[in-house]
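Some structures to go through are shown next.
Paired with chain B in one complex and with chain C in the other, chain A is shared by the two complexes that follow.
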Partner chain A sequence: MASCKYAWPPVGHRGLIGQSISRIDGPAKSSGRAKYTYDVKLPGMLYGACLRSAYAHAKITAVDTSAAAKMPGVKGIRVIQGVGKEIQWAGDEIVEVAATTEQAAQDAVRAIKVEYQQLPFFVNEANLQKDQAASRTKPASELKVGDPDKAFAEDGVVIHEGHYGVPVITHCCLEAHGHATEWTGPKNLRTHSSTQGVSALPMQFAEALNIPSANVEVICQYMGGGFGSKFQMDRWGQYTALLAKDTGKPVKYLLERAAEQEVAGCRPSGFARVKVAARKDGTLTAWESECWGTGGPGPSGILPIPYVLDIPNRIRRHTFVSTNIGPSRAWRAPNHPQSCLLTMAPLDDLAAKLNMDPLELLMKNAHLAPENLGKVYREELQKAAELAEWSKLWHPRGEKTSGHLKRGLGVSFHTWGGRGHVSNCLFSIEPDGSVVAELGSQDLGTGTRTVIAVVAADTLGLPVGAVTVKIGDSRYPYDGPSGGSTTVGGVSASTRRAAVDARDSLFAAVAPALGVPADQLVAVGGTIQAKNDPTKRLSWKQACAKLGGRKIQTTGKNPGECMLGSSGVGGVTAADVSVDVETGLVRINRMVAVQDCGLIIDMKTAKSQCYGALIMGIGYSLFEEKIMDNITGRMLNPNMEFYKLCSLPDIGELVVHMMTGPGYDERGVIGLGEPPVISPGAAISNAVANAIGVRVPTLPITPEKVLAALAKGGVA
Partner chain B sequence: MERFEYASPVSRKEAVGLLAETWGETEILAGGTDVLSRMKDYVSTPKRLVSLKRIKDLKGVHYAPGHGLRIGSMATLREIKVNTYVQRYYPALVDTANLIRSQQLHSMGTIGGSLLQRPRCWYYRLGYGLLAQYEGKSLPPEGDNRYHAILGNSGPAYFTSPSTFAPILIALEARVELLGPSGSRTIPLEKLFTTPTKTGEREHTLHPNEIVTEILVPPAGGIRSAVHEIRQKEGLDWALTAAAVALHMKDNTVRSARVVLGQVAPVPWDSQEAAHALVGKTLSEQVAEAAGKAAVSEATPLSMNGYKVQLTRVAVKRAVLQAAKGGA
Partner chain C sequence: MKTKRGQGPEKGTGNVSRRDFLRGAGVAVSGTLLVGESMAEPAEASGQARGPGEVPVTLRINGEARQLDLEPRVTLLDALRDRLGITGAKKVCDRATCGACTVLLDDEPVYACTVLAIEAEGHNVTTIEHFSKGGQLHPVMKAFVDHDAQQCGFCTPGFVMASIAFLKNHPNPSLEEVEKGLGGNLCRCGTYHGIRLAVLEAAKTMTAQDEGGSIHG
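Here is the complex of A and B:
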């Protein structure tokens, strides 16, 4: 095992791995040189725009594009959904046009006449009785383990029952979805797409356009947010390409903000009635839940509750609710944030009923988590408690001090897989000393480019700037889409394997000159030198010059030889909040994230992931909600004015601690995109309950809901 | 946005001459932070946009002892905020500017635009008209009215007056000078606002071919004033409710008071009840609390905005207590 040549270097032999290294594309991004899809401007390019349905549910009875077709600047029109088509959500695409300016395209859209036969719609699912009355429900299969009835009836158990929920939110990518697309031959397409999968998109375009997928080039050098919503070409992508074909010109269409909010992002909701029991000492014994949620017209995922903890006797029922709100998309840790709140909030309430510190309840039951997670949770809970000053600041429910500001603490834990995906790295060492890694991967802003450079540079004993990373283009070797926290494990492993092979080839090439066997050479500090005699050395440049004009080229794959990564992480979030009981305003004092992800390649980008996740978590806990109108069937906040996101003053102090060292490092690289965003909802909800002495059952925790909860009890 | 003509007059008179007699034909461009976004969303579709940016004598903040403050309608929020006289004699106006957490708005937004910006009602902004009508019925009462009016909301107007500056300026007894084709007139600021009763009417009494030229704030000696807003976010966000108070004190007793509420009614809401609860009283927590209660005694919340009653009560109480502590 330890002798595997690709294995990650052990502590003491790591040059860059695990250090805090700034993003290599930071300067390009902060100076504006980085070109995002939105910035792409191609010669003769036309602009796209879409006519979208004004109704949540309707049949199209007439489409008249004749006036639009005659307008100045209009070069192409494609009906996407014509007469007879049934629209299932407001904002759905009906016609796309291409014109010489954005304004001309929008003018044309407004000149198109569509007639609809309106049909009954349903857009708010929070009330299960109403969902059932509207015949919008479909039960999913039920899951039962042990004998919950008997366990609930056990003598002396304490039972808590409650109702909880997480509404539909949108992804709200700062860079909207979209493409700038051109045909470079009759059957050759090149598209600049804001995507989480440059290697996957060619197949989608090829199938939709009936061209060979090898003829499709997808480019995405920089990306302004996807969070799980950008795996698809999307219908507007297909029609942008068709309009480019029709007009013989490149066409760019990125969604307007309102469309982005209405149709391109939607995290399914989750609501549940929960009953949970524990013995007086806090041992969890039974769980029962009736859960429902919507992911738009089709079924969304079944929420895996109770989350993480396999309470011995449990039963869950799930009901899908179909609504006319637009289809759901994967949202950073699909199903987990909802499941986490629907579990950790009731457990926190149960702890209050048991007069127990919730931290203690979690410690006590952590062993119910699968595999080795219980141990990880206990370590992480301890660390989180320390960083949140739990023993000093925690108090039983409802801060008893006078004054209208009540402070409270809350905690939650979570899990995620994060095994590295399929990855291929083409790696070159040039005779002039250049080092290039090419992968058909993409950097969503998470630091993928930097991580690849760190792995390569560490392996070759070079500074991080010595490595050129080429990603974001489907002409590079196939790589998995960036979703489910799979990228870092994939690209770091393939790059490591390729870099080790390339390095060994270089050793072989320079061994004769140094008079040292190749297996006695090491690459450190920008030199190739004899392991036991540093005087026998060549600078990197001198070494590469020995290649005799031939470059070294290797490929590394994942999965592959040697265990370089694994799957399954823990993670704990603690929240420290103050609640104004007169106004219901919640302010974050501090958020603590304690997270493991195996071997950390770059401490800085790893921590950044956690900071970002905490901010996103605060956003969905306190502010975010896709607000749908029962009368018009439309989203009422398709903007960033009333679709509220955190701004800097709203986030408080963020503390991140990454678990490293023995027990963690030897697991290899594991993904980190999803896990830290899972627990903040539950942690904040629990902190609010701790502060005010009563549960605010659903997110987001608005002043209105806090006041409503206080009207029923708590400290007020 | 729709095609429009852009006019950039250099004098007040020329500007007035470029304005149409009926609403909708022309719009005024000050800083543009409101009107341009409405135009982009097709909520406002003027045929001509008349910019006031080149009219030099609409700018500036002036103070004269005995006369008070004269603010040109094109003065930016930043100009007001950094003015030494404003800082010395009208600190509540500085606090007010600081409630708007956006450097961009401070730089671009004008006081004229702040007073004459249009409501943020989401139905209005999504194109259902100021009175939010849909298939013959009024949307807010049955729809999502979480941010709508709790006072003066007997219909058909349910939106709220959005201006952060209007309440405090009214509380300080400000007047506005308007210029139209037949000359200028000066009215108390509260008279600039009205509740529309039918489609086509606006929430301002300004005539379509008038401009606001100046805002006149009387000397504030002996007045204690304060603003308190409740915003869900610490960062840029709309207030859920707002209260401005100005108290004329005699020794420790309130001689007269004005309490003006924002974000709760289609107009800045001059709460006689709250003022009444303060007059003749020595300020205390109880008196402030009573003023808050009085301010919402006539509130008629809609289905989803009952919480705003509580928030308004608290905002008034806190504004009174703040005024009691500070002020001249």
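Here is the complex of A and C:
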């Protein structure tokens, strides 16, 4: 690794990499100056609004927009789905309008008359027998390894059987999905879009609008949350652009909150009946699961259970359930949080049946994890146990002390890939000393801008503020969409390669003046100096002045030469909760995240990903659910008072520990956005079971479910 | 109205709760959510109905008088954002749940999505833009940067405004007071850990800088 010129600097030679550095766009965000798509106001801009289906399944029999067209301020109307179209979910787009104000646009929507022929719908999938009775199921896959039947029949094995589940939740991005589009020529579109894929979106608009994709410019300097739901132009993007074309004016349309909740976010559910066996010493021997879930009308992902642990004899069957709840979208670590709970909760119940500490059960079976993860998990479990005070606070299932507050601990582990995506960095050192990195990437709030600046500045021996990072515009070189925790690995590697090449060009330019061979120069502390004689030096500005008026420009790519990143991280989450057995209320005392992600570029924003993931994890464990109404077929909580997110008093103490140093750093940069959000559900569910002595089988763990589980008694 | 988990009964006169947010506004709201709340009705008091078409409105925003023609149904938030291009306050839930639109009305925090622009007439409206005039970050903003109390940043201006108002009444808050006092704002990325630290630190900085001084410092 050290022999390769692009390799990351070794410990002791890192100026900035691995330090805690404040995000470079922090002041713009905290002062309210950062401009999001929602903030864009273009000259003469019209506002969009959308009429959406009131029914979950219906055929459109009439659409009358004539009254709306005559209303003051209305400039454009487009029927998206007209007579004869069959609607598959409530909230689906039917007509979009553009008007001079948001209020006028909404008035126009109310004046549109649509008639429907209502059709039978199905919106709740938690009961597989009912799903089957409604002919809504489709067997998706069966995977068998070893001989589960024989392993379950083995003498003396302890078997646990249970039912578990994770419902559909929604993304609830604070900035709704949407775009502000304007035509800059007959076949030239510029769109401000709240997107996770600045470089990918032009192709989508181009195809939908029949224009060359080189003619589409996508801009997204700041975006208010995506979590996997903002990779698509979406139909409303296409029609917003068409309305801009029709009216000759820019049109902005971001979804109303109800629509955002109802149609723009949906994480597929996962339910399972699980049977799992271990020998009396805790050695896992067999697994059987019947799993189902819905991602709306189409198929959702197949949940990879048992999660992480390759139990030697195992069989899993997965069934898709088709529903009229709206289409699913990738949600931070697709399939993993569900799979994690559907595995780690039964294992925890099995440990209770074995009279074993679940931490010990996981330690004992960690070797069943692929590749080197077993070692990572054992190290992380140990660290998590220490930070959660496991040996002091853990007790066998069911806290026996009197009083209505019962405290419990739970633990879980998870994995994720996170290899860097395709990235191109155009890098410039100007004769006046300015440094610019340009990438068609985007910063979702993960710290992408900051990571690029840190890598460039570290490579050139400059402070972070000396680097100008230009991202968020499709005119910059192509970069991958931000999904799968692939961005940090991609942009850090392309920027490193570009910056090393640029630095080496600068060395060559100043070598004669310093009388030192270029390969004997280093860039450190804002100077270019001889490696072995710091008195032979030029300040950064003096050095750049030697460029003779020509700028250095390089391009760095990922993938590319030298191993700068890899994939496959491990992480552990421990939860410490108190449950009020009179009210059923679960309170978080403490959450511990121990996470590996290879070489960390910026410790501060890396930790923020973990803190945020713990908080989001508490949210989906205790509060969040897309609640569908069997009578109307609609989402009952398409808002933010009844679709509950965590608030400040809900989170307890949060402890984050990043695994760094030997054994971790040399794997290079690996993505982090997704992994730490995977385990909290299982860890919290296990902690509740440890506290009250019974399993609350499904998330979210609401007071009602806690009381029901207590009333039922027994395990799962 | 939603009762938020963890928000107990209000303690003391200065505690900022959702109820106070709305009471502080002293205004009626456009939706149906708050039926039953007792609110002042400036238009009724003067005995004249306004609208339904556009009416002239003068708003005093960040110390500057701004004249607009607005339909009476336009919220303060829409007036700020769509008519005046003052976009720090964000529209998220659009019904007084999340706090992303928090501005100050006569120094009291309100949800601008649930205040009509015409009802803000005669009051001083202060938005986040006021607190970084001249490019200098307010100590709360600086603490948010230092503690990375922001990810996507969409909820951040609302949190900063709520924090500034909260610290005015709680110059030396406990952690529990911070959690309760800011429990009326919501974040999706999960920045609450940084926010707790930032607000506690800003309290120290501000106390050191200006004992009991104006929040407009």
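The rule is simple: the second predicted complex is superposed on the first by the 712 of 716 C-alpha atoms of A that agree within 3 Å, B and C clash if a C-alpha of one lies under 4 Å from a C-alpha of the other, contacts with A are read in each partner's own complex, and residues count from 1 in each chain.
Definition applied: a contact is a pair of C-beta atoms (placed from the backbone, for glycine too) under 8 Å apart; a residue touches a chain by one contact, two chains touch by 3 or more.
Everything numeric here is computed off the predicted structure, so don't read it as measured data.
Applying the stated contact rule after C-alpha superposition, one finds that A:Ser30 touches chain C and leaves chain B untouched. Contact with neither chain B nor chain C is seen for A:Thr495 once the two complexes are overlaid on the shared chain. When the two structures are aligned on the shared chain, A:Tyr222 is found in touch with chain C, with no touch to chain B. Legend: residue contacts after superposition of the two complexes on their common chain; A:Gly445 is shown touching chain C, with no touch to chain B. When the shared chain is aligned, chain B comes close enough to touch A:Asn630, but chain C does not. Judged by the touch definition given at the top, the superposed model places A:Asp39 against chain C, while chain B stays out of reach. More residues of chain A are touched by C (comparison of chain B with chain C).
After overlaying the two complexes on the shared chain, residue contacts for A:Cys646 are found with chain B and with chain C alike.
By the touch criterion defined above, A:Pro703 lies against chain B but remains apart from chain C after alignment on the C-alpha atoms of chain A. Residues 103, 585, 639, 641-642, 646-650 of chain A lie in contact with chain B in one complex and with chain C in the other.
By the touch criterion stated above, chain C contacts chain A in their complex at residues 2, 4-7, 71, 73-74, 78, 81-82, 85, 87-95, 97-98, 100, 127-129, 131-132, 137-138, 140-142, 144-146, 148-157, 160, 178-180, 182-196.
Chain A makes touch with chain B in their complex at residues 103, 110, 582-585, 587, 622-623, 627, 629-632, 634, 636-637, 639, 641-642, 644, 646-650, 702-704, 707-708.
Of all residues in chain B, only 1, 42, 101, 120, 122-123, 125-126, 128, 134, 137, 139, 142-144, 146-147, 230, 232-238, 240, 304, 307, 310-311, 314 touch chain A in the complex they form.
Listed in rising order, the residues of chain A touching chain C in the complex are 22-23, 25-36, 38-39, 41, 47, 101-103, 172-175, 222-225, 227, 256-257, 444-446, 585, 604-605, 607-608, 611-616, 619, 639-642, 645-651, 654.
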